[in-house]
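Got a structure for you, questions after.
Should a chain be cited, it is by its letter among A, B, C and D, assigned in written order, with residues numbered from 1 in that chain.
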Amino acid sequence: MKLKPDEIVQRMWVKDAFTCALGMELLEIDAGRCVLRLRVNDSMTNGFGIAHGGITYSLSDSTMAFASNTHGRIAMSIETSISHVKKVLLGEVLTAESREISRGKTVGRYEVLVTNAAKEVVSVFKGTVLFSQEAWENQR
Amino acid sequence: MKLKPDEIVQRMWVKDAFTCALGMELLEIDAGRCVLRLRVNDSMTNGFGIAHGGITYSLSDSTMAFASNTHGRIAMSIETSISHVKKVLLGEVLTAESREISRGKTVGRYEVLVTNAAKEVVSVFKGTVLFSQEAWENQR
Amino acid sequence: MKLKPDEIVQRMWVKDAFTCALGMELLEIDAGRCVLRLRVNDSMTNGFGIAHGGITYSLSDSTMAFASNTHGRIAMSIETSISHVKKVLLGEVLTAESREISRGKTVGRYEVLVTNAAKEVVSVFKGTVLFSQEAWENQR
Amino acid sequence: MKLKPDEIVQRMWVKDAFTCALGMELLEIDAGRCVLRLRVNDSMTNGFGIAHGGITYSLSDSTMAFASNTHGRIAMSIETSISHVKKVLLGEVLTAESREISRGKTVGRYEVLVTNAAKEVVSVFKGTVLFSQEAWENQR
């Protein structure tokens, strides 16, 4: 039986140690859509004392991973880019929201915008996933 | 007095909590060039039990950050992309090596290849930094 | 005296032989915003008999160039990416519309969506420009 | 019978009106590898009187298209990025050379460097293609 979006994400989440280690929270999940939240803590800064580029990237990549897998088939990220638009400071709370640009049999494209508490865009992520033929309900 | 590449990286490293938290090691540093190493531990997996895309991204982004700042002026990453070429498994040791593609007064471009122990390329990163007018020796 | 968006684009357009050679038409121009149109003719196909990737790229790049220069300072594209989402056939009429993602003193980011007559997205372009200190009214 | 790299490129070239319209020349072709040349003529400038970004992009995209199709299966570009590193002037002769970063059953990655007559890199292109199951020898 086909799994629902939240059932798929639950299966992913339990293995996703990095998403947990960064303290991400799931705010919304639906077919092709995901919203995550993360608070920038003091283990997340870079050499300038602001959030490391890897923080917004990892948040965006997790958001795309959950969004793209909700359709029921295993989806793997193959190609991504991120523009760092605005500095992110220690203590800021970031929200990442995905938008499904296109979805074919083999390839899906997603945009993920990360915004701060003031609703300012801090990064723009664009990613491509490959949909495999394997269905989530057949995974163990 | 102008700081040397390793002096600049030392100043960055002490603030770079995320680079430390991920256990990155500095293998080589020189003007415009950096090599880092990271071991994939069990807090770094994603929903498929392999390394999260944020791991190779963060490793590559740190490598570019160090490489680009060695020239003596503050350099900030503005635009990056990464291709995930090969799955990275738990326990693998990754090496990231930068190549300076171009460097002008305002803009620098870097490629960072991440390879595994078998010397296979696992990700290809391309990034753009903006050089500010601020010199490292005037920073506190 | 500061030039208006359409005055700047007129000055650009007369030198822009490639934009003209591809038969692009200006539909809208305003501060930070541009809409262009292009018809895919039989000199624009690739080895598969569909529109060459360079067509949607060139259309998107021109759209960003006009949009980003309307603010009055010389803006040059430094970094761009494009996802080819849907095949474009001979004879199709494409519309490219820019969105200003962010604009600072030095760097601007733009997204350009190209759609076909059926309003389907055929490509997604993201680009970064560098704003120089030179004003358009001082150019000859 | 499996077609050779140059036989595949000949079949592509005859349909590739845009590659021809831009005056590209084939210098080298081999499995996974292509070198093309182009002279920047006066129909190729942009609003600043230098080569339009679409010129180096189109040259790079054609180079990747030929390189990736030489393996015998239909390969389509899905995702590309290009860094414009150095201005290209009217009359310059550009050489584009591909490098195969990785090649799997479904996905291939290519880098294309464009250099000028002084061997300076003017643009860096990275692209992803999707390999279909269709073989070139079965095409008409």
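To be clear about the criterion, a residue touches a chain if its C-beta (ideal position, glycine included) is under 8 Å from a C-beta of that chain, and two chains touch if they have at least 3 such contacts.
Since the model is a prediction, treat every value here as computed from it, not as a measurement.
Asks: Could you find the chain whose CA centre sits the greatest distance from that of subunit B?
Replies: Measuring from the centre of subunit B, the most distant chain centre belongs to C.
Asks: With contacts defined as at the top, give the pair, B-C or A-B, that has more of them.
Replies: By number of C-beta pairs in contact, A-B is the larger.
Asks: With chain centres defined as C-alpha means, what is the inter-centre distance between subunit A and subunit B in Å?
Replies: 21
Asks: Averaging only over C-alpha atoms, locate the centres of subunit B and subunit D and give their separation in whole Å.
Replies: 29
Asks: If you average the CA atoms of subunit B and of subunit C, how far apart do the two points sit, in angstrom?
Replies: Each chain's C-alpha centroid was found; their separation is 32 Å.
Asks: By the touch rule stated above, which residues of subunit C touch at least two different other chains?
Replies: Within subunit C, the residues that touch at least two other chains are 78-79, 81, 83, 128.
Asks: Per the contact definition, I'd like the list of subunit C residues that touch subunit B in the complex.
Replies: Its residues touching subunit B are 78-79, 81, 106-107, 128, 130.
Asks: Please give the residue numbers of subunit D that touch subunit C in the complex, ascending.
Replies: Per the stated touch rule, the residues are 11-13, 15-19, 21-22, 42-49, 52-55, 57-58, 61-62, 65-66, 69, 74, 76-84.
Asks: Quick one: which bits of subunit A touch subunit C in the complex? Just the residue numbers, please.
Replies: Within the complex, subunit A contacts subunit C at residues 81, 83, 85-86, 101-102, 109, 111, 121, 124, 126, 128.
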